[in-house]
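Alright, structures below, take your time with them.
Across the two complexes that follow, subunit A remains constant while its partner is subunit B and subsequently subunit C.
And then the complex of A and B:
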């Protein structure tokens, strides 16, 4: 009983704040019909889930490495565009597999290159000129090969071949499959040789230039295994290009959707890992440079997306599981929905879109629990929690913290990419989709507590709910008690409302709702 | 004499500050050696340099016959060096059991060492589920030492074990350190000369980043002039 009183007194402001928030929600429910409330509530949860996927990764990375990854929203966007590409243009995706795998393969031989570089003894001038020469030569080889490498791709300049057109047609159920790109002026064998040679030379020159302080004493098969696997994947993808494309194009959209999301997550993780190893790692002690770097990368990411996929917004079609219509729809029970795969379902009299308002919050919940279990139950999670407090001590126990950093960075970016891939069919794709979600995530983290995992979840849900209720009340108006006035929040108030809440909460609880006191 | 750790005129910088300007140690296997010296002399920096947490710019460190300077910290530690840092650095959000488990280097380390560790510190067994943050200073010190015992370490670096502890608790910690020295070599940084002189067989005095004196603790205790000159009060 005494314990209870002590906890109560310590956290009085927190409980009062939570109480006020809950009563706000109840008051919001009083002001509208129950079907409106259900829809708005679920929409809030959906926005909250997408925000959470970005915020949780951002907060994991910040907590462990103290890196403010401002490119996180951009990586969310890139996840969306990757998922779209796999879903709408599987042929482009398959065409890209070979050059990507072969390009990366050389860089997996880090250990080998360090081993070789440590054994080359050259006089000063040659030692500096040769690596640069190798780098230049590798770029020439890669450019010549890639310029002629056939990739079937859309054309943002031509309306009939623009991403929007492909997306629209796929959504209508008639998938446009353009002619496959064929090798011209470059034989497939030469392409493979060129890509491999360019990649090997580029990777070696880079390692040679960097002069790694530690090199392996001897080489084992482990040093070569990733290279062998990647180059084999690349070559197999080239040989089986046509059947693979045909298989993906013919695949049921539910499975294709799953493939798209998985590819987006894996690509996001790969991109995150690569980013940490090559760009963030040299800047761990220089926080300002890190912020400049990640900010710059987010701008570059947006420009790349605009150049490759074009400026117009388009959508990613939903898988068949969520697009059913006709007699019996909207479904009234889950069983009926399962049979007919209706796009909407009736909940308390309100028509709820299954994908947007039920599926996305469910995935958010699954991720919430999965990452929670990872943090609490696994050895990796234990190391992460310890590293958040004192990564030097973790290293002193004999644990390779740098590897854990890379892994967590990859995981965090993977979560953001998952968010983007999930958002693509419901919110659509645009080159500024990253900005708004990033702003939401930052506000959510400030509300919930910057490095607290449950705080990220709570803050995201609060941000999502407030925004959606503000939008809804913008339509129906809030009757101010004891007056005749009906207040209708205008659209600019929607983002402002969450920031307003953030300011109040930070004034009351400077570390956010669930943040640690410092 | 069998030397487990040999530090040869090591120079370490923190930022631009030249902290260690030539520290040499030769630690006999199975011994307890105390690093002595005034505040800011570079004792803690010496421990961190050995572990690679502050990599030396010059000099050589040989552990178990192998040169370890330039290696990454986790690699050095994994060769069998346990670290009990100043202020204990207990993981506050982890339970006592997790604080021990995280130090495993091989699966099952913790299960194997459990009896030994709880034999040494019976208190910890009772606190096993508590978060590290809830432990008292003495309990945290015991946990920090216990954490260094989970993996098979042949060398323990212990920084200020008596700092901020009540006299009764210091007795416990000292008894534990004596017990440990039966199986491991110990390098100890200790401000409290009384504690250091009772525990250690050898001493090294560090003054302004240089190792200036070393020898048998039994001889130092007699040498009031040296004690007064390098350590201030006796």
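And then the complex of A and C:
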């Protein structure tokens, strides 16, 4: 009993705040019909799940490395665009696989290059000139190869070949299959050699320039395995280009959707790992500069998306599992839905879109549990949790924290990319989709606690629910008690309301709802 | 031996001279006589004066950011709010309420004071990253308020505040040279004030807070007072920069309240050198010239290159132009003195 009292007194503000929030939810439920409430609630959960996918990765990265990765929203957007590309234009994806895999392959030999660089002794001037020379040479090789490398791609300038047109046609069920790109003025073998050589040389010069403080004592097969896998993937993708494309184009949209989500997640993880190794790592001693760097990265990312996919917004088609219609729809039970694949389902009298309002929250829940298990039940999770507490101590115990840093960064960005890929069919793609989700995630984390994993989930759900209920009440209006006034919140008030809540909660609890006191 | 005043302030005086002569020199370059420039004849000089006024406004804004970020060490993501409040308050006061410039000036000062107090309320509660998030939140709220359709008649919603009529004696379309000198004078006054502030005991404590807040507290300083002083000065400067912006531009865009505008200040300070003050001016020149040149010759993808410049600066020139120059000049000086000493030793 005493124990209970102590806990209560310590967390009084937290319980009061949660109580106020719950009573707000109940009050909100009183004001509308039950079917409206169900739909709004599920929508809130969906927005909350997408926010959570971004916020959880962000919070893991911040907790472990103290890096405020403000480019996270941009990476979410890039995940969405990658998923779209794989889903709508599998041929482009297959064409891109070879150059990207070969380009990356050299950089996976970090350990080997450090080993070699540590054993090269050169006088001052030569030691400075040679790496730069190697870098310049590799850039020339890569430029010459890539400029002639054939990739079947859309054209932002031409309407009939714009991403929007492809997306629309795929949504209508008649997928446009453009002509395959062919090699001209460059033989495939030469292309592979050029890309490999350029990548190896670039990676080596980079490592040489950076003078890594630690180099492996001896080389084992582990140092070469990622390189072998990547280059093999690249070469195989080139050899089996046509059958692979044909297979992907002919694939059932459900499986194609799965493939595109997996590719987006993997690409996000690769991008995250690359970003950590090349850009974030040199700046661990200057945290403020990391924030500025990620800000700059987010600007660059938006510009790249705008240049490659164009300014107009478009949407990714939903897989066949969620687009059924006809007699029997909307489905009334889950079993009926499974047979008919209806786009909507009836829940308490409300028509709920299965993909937007049931599938996304479900995936969010699965990820929540999966990452929770990873953190609580695995050795890696143990290291991460210990690292959040005190990363220097963990390093002193003989664990390679740097490697864990890279892994967590990759994982966090992978989660964001997953969120983007899931959001693409429901919210659509635009070059500013990253900004709003980033703002939501920041608010959610500030509410929940910056480094707390359950806090990220709680904050995201709160943000999602408040926004959706504000939007709903914007349509039906809030009757202010004891007066005749009906208050209708307008769209700008929706994000403002969550930010307002964030400021209040931060003033009451500077560490957020579930954040640890310092 | 004390140096004469002129020797001591050589660089500053030369810069001042260059700034005063700038419109006339540009005019001469084109073949327009100083008299034509003096009479506000149209031409390259008038255009360049406009660019220079923008540079002064940006420099003032960046200067105020440097004071709280570079000197006092408060990372704020909501600095654009300070500027936007000044710009919108003055614009609305002139357009909707018909106040004259003097009254508007007082109003802007009051608004700057009020918002500094508002941020000041939050200041002792949150630190570091959380402060950055709270200020970001405040600025986002202002951005949303400015964009909302309810206030459209006053703020112009997402189109921006338009049709502010500026009295002729300072209107940039009529008397641009006068506005150039006014903006220059205001900027120089603020620059001198900031220099004095940083060299004063108060400013020293601010630097101490940046270096180690706990230690400054242990030494018996009321940290909050000093932070608030810096915040107030910064708020007033940024709001006056916004006021100048309203006078110079016919439009106040809602972008002035967005995060992107704070990032602009950050970029300028970073280019010039964090915590150097004079870096804000140099950074503003470089930024405006770069932005203008890129937009003119490359077009749409200009902000891509801006972002790239930003990343390159963070990675390779983290102390900015002025900061690196100061570091290197010490090295150069030391090398020069070593050489002299060796020479003297060999001689005698």
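In the analysis below, the second predicted complex is superposed on the first by the 514 of 518 C-alpha atoms of A that agree within 3 Å, B and C clash if a C-alpha of one lies under 4 Å from a C-alpha of the other, contacts with A are read in each partner's own complex, and residues count from 1 in each chain.
Everything below uses one rule, namely that a residue touches a chain if its C-beta (ideal position, glycine included) is under 8 Å from a C-beta of that chain, and two chains touch if they have at least 3 such contacts.
Here the structure is a predicted model, which is why all the values come from computation and not from measurement.
Peer 1: Specify the outcome, clash or fit, for subunit B and subunit C once both structures are aligned onto subunit A.
Peer 2: fit
Peer 1: In the overlay, answer first, second, both or neither for which of subunit B and subunit C A:395 touches.
Peer 2: first
Peer 1: In the overlaid three-chain picture, which partner chain does A:291 touch, first (subunit B) or second (subunit C), both, or neither?
Peer 2: second
Peer 1: Return first, second, both or neither, reflecting whether A:382 touches subunit B, subunit C, both chains, or no partner chain.
Peer 2: In the superposition, A:382 contacts subunit B only.
Peer 1: Angle at the Cα centre of subunit A spanned by the Cα centres of subunit C and subunit B: state it in steps of 10 degrees.
Peer 2: 80
Peer 1: Any idea whether subunit B or subunit C touches more of subunit A?
Peer 2: Result: the larger residue contact count on subunit A belongs to C.
Peer 1: A:358 in the overlay: touching subunit B, subunit C, both, or neither? Say first, second, both or neither.
Peer 2: The answer is neither, since A:358 touches no partner chain.
Peer 1: Looking at subunit B versus subunit C in the superposed three-chain picture, what is their shortest Cα distance in Å?
Peer 2: 13
Peer 1: By the touch definition above, which subunit A residues appear in both interfaces, subunit B in one complex and subunit C in the other?
Peer 2: Looking at subunit A, the two contact sets are disjoint.
Peer 1: Taking the touch rule as given, give the residues of subunit B at its contact with subunit A in the complex, in rising order.
Peer 2: 51, 53, 70-75, 77-78, 83, 85, 89, 91-94, 98, 101-103, 105, 147, 151
Peer 1: Where on subunit C does subunit A make contact in their complex?
Peer 2: Residues 75, 122, 125-127, 129-130, 132-134, 136-138, 140-141, 144-145, 147-150, 263, 266, 270, 300-301, 303-304, 306-308, 310-311, 314-315, 318 of subunit C touch subunit A in their complex.
Peer 1: Any idea which subunit A residues touch subunit B in the complex?
Peer 2: Touch residues, subunit A against subunit B: 213-214, 379, 382-383, 385-386, 388-390, 392-402.
Peer 1: Which residues of subunit A touch subunit C in their complex?
Peer 2: 62, 68, 279, 282-283, 286, 288-289, 291-293, 295-297, 299-300, 303-304, 306-307, 439, 442-443, 446, 450, 490, 492-493, 495-496, 499-500, 502-503, 506-507, 510-511
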